[in-house]
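First chain A sits with chain B, and in the next complex the same chain sits with chain C.
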Partner chain A sequence: MAMTRIERRYAWLGLALIGPTVLVFCAVIVFPLVAAIYLSLFRIYTPTLEGAWVGLGNYAELLARGEFWQALRTTLIWTAGTLTLQMLFGIAMALVLHQSLWFRSLARSLVLFPYFVSTVVAVLVWRWLFNDLYGILNHVIMVAGVSDMPLDWLGTMPNAMVSVILVGAWKYFPFVVIAVLARLQTIPEALYEAARIDGAGPVARFFDITLPQLRDVLVVVVMLRAIWDFKEFDLIFLLTGGGPVTATQTLPLVVYKEAFSMNQMGMAAAHAVAMMAVMLVFMIVYIRRTRGGQGA
Partner chain B sequence: MTFLGRLAFNLIAWALVLVIAFPLAWMVVTALKPQSELFRRPPGFLPEAPTLDHFRRLLEETPFATYFGNSVILATATTAVVIALATLGAYSLVRFRYRGRESLAFLVLFTYLLPSVVLILPLYLMMVRLGLANTLASLVIAYTTFALPYALWLLRSFMAGVPEDLESAALVDGASRLGAFRDVILPQLVPGIISTALFTFILSWNEYLYALVLVNSDAARPLTTGVMSMLISAFNIEWSLLMAASVMMSLPLIVVFAFLQGYLTRGFGAGAVKG
Partner chain C sequence: MAGVELHRLRKEFGAFVALEGLDLRVEEGEFVALLGPSGCGKTTTLRMLAGLEFPTAGEIRIGGRVVNDLPPARRDVAMVFQSYALYPHMTVAQNIAYPLKKRGVPRAERAAAVARVAELLQLTPLLDRRPRQLSGGQQQRVALGRALVRDPQVFLLDEPLSNLDAKLRAHMRAELIELHHRLGRTMIYVTHDQLEAMTMSDRIAVLSAGRLMQFDTPGAIYDRPANRFVAGFIGTPAMNLIEGRIAAGRFTGQGLDLPLAPGLPEGPAVLGVRPEHVTIGEGAQRGRVRVVEPTGHETIVIAELPGGALVTARAPARARPAIGEVLPLGLDPDGLHLFAADEEGARIDPAR
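Let's turn to the complex of A and B:
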């Protein structure tokens, strides 16, 4: 189909309008992405930025190091743990907020707030709650008789991992609430009526109607949250700094440490690229499997 | 449901909501308590002698005001740049036909998921080479990496909601494409632009990693890294001061939640949630 003159002019105008965006994209995203892969082939000392070509040497060293594998394991534990809690809390809370509730819009705002608050604020507040001497959490567990000693929430294992996972769940579950709540509002009431006539109780209605209707949303939400949790830096870095020692050190923290504490920019880039490769593999497998399941 | 059943449900639901909101409520009351009340056992919830002294000290004795000013400039500049680019870009992506349009839209989605620790390394080198390290400008540039795809994605969805007929009608009446954009589409898009701007602002306001790596001087430090440096450099941690700082830092958010709820909800509809 040949383009008319006006169509061609419009196409040029369209390109001119997207032009600035594309330029900025290339400068701040595409170029750095390519550069990161290129950097991973060098040994670079961060303060002087002097480098020497090492080819795939960084990758060979990285794969031989226990640190990478340990960090990968930690990242997976953190992601699986916090993602599970986010999904469970998120779906449950969405179901609650979908019901008629007194002051429902206020309740919604309060539930959504943690998601929009800065991670720095969230971490400061939680570190104060976790405080060993004056933290309210330790006071509560001692008064409740759970423990007669104050807990060290962030300084020992497995406490540190559990704490980080909990704070992550608290901070990010509202995302699930927003997405699920929006979908819940579009499920036709007639489906529930029909089920009620057939004598289905609330639990049966949830599993037979609500959950299948939510499936598509949940598939997307799980993927987005999994990616965002996997690459989470701020929350863990600020809560534990990867400690105690390296027990909560996830891959993004290793990248940062290599680049700016060990001053090995090339090695950091190699970690970053390896991390993206892992994410990509998980994403592809996930998309394949959820697509395949759709026919069933 | 019977009245008792509803009562029970409401009580349980609100108990859950309050547990979720507790950490933030605790932040506010801690900020208002005089030092002596922080260490009292058992701790009371409401301050007995509420004081604004921590806020005063924060503004007078710490560089907090500088950080706050930097954050305002930074988030405003990022939002302005990103909205200008993304509005034109979204118009182009939704209403024009040319080759590569679909792959461009896909690229936007992909970058939306890119880890910032990957981009930060080359961006750091870039800023050092350009001599921009330790400036707010370097942060504005760095923030476009996440803010631009985000705003583009949102505005694309708002743009798709503007009826195409409006534009066609204007074109039939003899308006040019850009004239129709300015006179017909832009006015329709204003609520979407405001909503996108709010979310972009919050996102930039809250950013931490880029600020940590790219800026290492108090003069250009935004709130996130500034307040954390107050925590780390303090000889003994003053929690009430830090909680006051946290409250101040959440101010824009509180304003949005209290007065601009409508735009927030509109944004959720368009997919304005990012982690």
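Let's turn to the complex of A and C:
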């Protein structure tokens, strides 16, 4: 097909316009991804960055190690636990803040506080709260007579996992609140009025109107939060450091350990790529299932 | 089936009084339109009937029972919303069945009721669709179906046709009239469109600024408007309202001088005359033609009286008076209305 001169010019213009985006995309997404996969095929000593080709050797070793599988299990428990709580607290809080309360605008700002606080600061505060000598949590428990011994919140299992999950839920539920609240405000009031006339009580109105209307936003929020929780590093690293021993050691912590404690950059890259593969599988399944249920 | 009574119904939103003491009695099986400009309190009245708003004072009776404190579901009313308020994630069948489901009607009975209503409203082929896959008129019918399925005592309709285009509106108007005729249920219909009110209702309640202006049959409201507001609000083109005074059995003002029926009080007054009672080209008065608007089946002529006021007249379809021409102008003595010149503008009738 012969192109006219003006068609050719438009074709070039099109390329020129998307060019910058493609370049940036390659620089910040494609290059690091390819580099990570490439690194994972070498045995690399971190301080010198000198390495030898091992092919898929890192992966073979990784899959044979119990540590990877244990960390994967821990990661899944942490993600499922904290994500569930984030969603429950988030939706509940959004519903409360959607009501016309006199302190609503103040409460709407305050609820974002945990999300805005830097993780380092938040974790230091929580470590104080959990502290067995000075911590307010143990103080309350002992004064209330629930226990006569201070609880070791971060040093034993399952306490450490529970604590990490709770702090994670506290830190990230405001994200769910923002997204859900924004959607709640766009649900037409007439739908609720129609449902009231049709005989639906408050519970029926929640399940028959609110929840179906929130569905789309919840699909996106669950997906984003699942990705972010799966690769959460700083909160867990600062709170328990993966301990006691390796009980709360999630995959990102293993990546860090391999890269900077064991000085095995190649092995760290292999873990990171494996993580990505696991996440990819989950996301494909999730997107398929949430799409399937949605008619029209 | 039941009538509806409103007794001194009052609604305030903070300092704003939406409705000041409305008294209204709707008979069983009657089709009543609440008509008025926006902000007149008609929708507020309907929402109080539905139980979506609670009155500040006064009483609402449905079928003789005071329902002031009953929640919407226990009033046995159905409402059709201006926006239709269809549940977007449910199919047409699920939408229509929803009120029955929430009342614990068994599945088989529900299906039968939905099938019956769908048949009535010609929705049968659409039962598996979702609202967003329907046209405006179809959505409208689904909203009606959801109201019909439960066979309530009273139907409340909040501007149900205002989101449809003109052609579809005329069609749905006819469908609603037929539906009311067939069901014989009490229907209360809120609209700002006088054509809808005039064509569909048994009686019209005209509201303005939270007060009832007139409650009567469409014919009576058109022929004997109770005050200046109703006179000017009902009828297109609007009734001519000419300021002047009554003295010695004659109305004078704006260059008009008309004999009146005997027994009218003297003093300032407003003369009302509908465009169809004004003739151009013959008569004892005079006017200068300002605007000529041929519409096809008639021609609207706007003429200026010697006093400066404009008078609208309906002329025959082919009449083409020249603009600027001074023509004789006649006012049909049987088509004259007189109103007080004060704020209320109440109708003045000859003393008998």
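Before moving on, here are some points about what is shown:
Convention: the second predicted complex is superposed on the first by the 266 of 296 C-alpha atoms of A that agree within 3 Å, B and C clash if a C-alpha of one lies under 4 Å from a C-alpha of the other, contacts with A are read in each partner's own complex, and residues count from 1 in each chain.
Convention: a contact is a pair of C-beta atoms (placed from the backbone, for glycine too) under 8 Å apart; a residue touches a chain by one contact, two chains touch by 3 or more.
Here the structure is a predicted model, which is why all the values come from computation and not from measurement.
Applying the stated clash criterion after superposition on chain A shows that chain B and chain C can sit side by side.
Once chain A of one complex is fitted onto chain A of the other, the partner contacts of A:D208 are limited to chain C, with no touch recorded for chain B.
By the touch criterion defined above, A:M265 reaches chain B but does not reach chain C. When chain B and chain C are set side by side, the one touching more residues of chain A is B. In the superposition on chain A, A:Q99 makes contact with chain B only, not with chain C. The three-chain arrangement built by superposing both structures on chain A places chain B and chain C 80° apart around the Cα centre of chain A, to the nearest 10.
Applying the stated contact rule after C-alpha superposition, one finds that A:W53 touches neither chain B nor chain C.
In the superposed model, A:L39 makes contact with chain B only, not with chain C. Once the two complexes are overlaid on the shared chain, A:T21 sits against chain B while remaining clear of chain C. Note on the superposed arrangement: chain B and chain C approach each other to a least C-alpha distance of 11 Å.
Those residues of chain B lying in contact with chain A across their complex are 9-10, 13-14, 16-18, 20-21, 23-24, 26-27, 30, 38-39, 41-43, 85-86, 88-89, 91-93, 95-98, 101, 104, 107, 111, 113-126, 128, 141-142, 144-145, 148-149, 152, 177-178, 202, 205-206, 208-209, 213, 223-224, 227-228, 231, 239, 242-243, 245-246, 249-250, 253, 256-257, 261, 268-269, 273-275. Within the complex formed with chain A, the chain C residues making contact are 50-52, 71-73, 77-79, 81-83, 85, 87-89, 98-99, 102-103, 130, 132-133, 146.
By the touch rule above, chain A contacts chain C in their complex via residues 188, 190-191, 193-200, 204, 208-209, 212-213, 215, 295-296. Every residue of chain A that touches chain B in the complex is listed here, in rising order: 7, 10-11, 13-15, 17-18, 20-22, 24-25, 28-29, 31-33, 35-36, 39, 49, 93, 96-97, 99, 101-102, 105, 107, 109-122, 124-126, 128-129, 131, 134, 136, 139, 143, 170, 172, 175, 178-179, 182, 224-225, 227-229, 231-234, 238, 252, 255-256, 259-260, 265, 268-269, 272-273, 275-276, 279.
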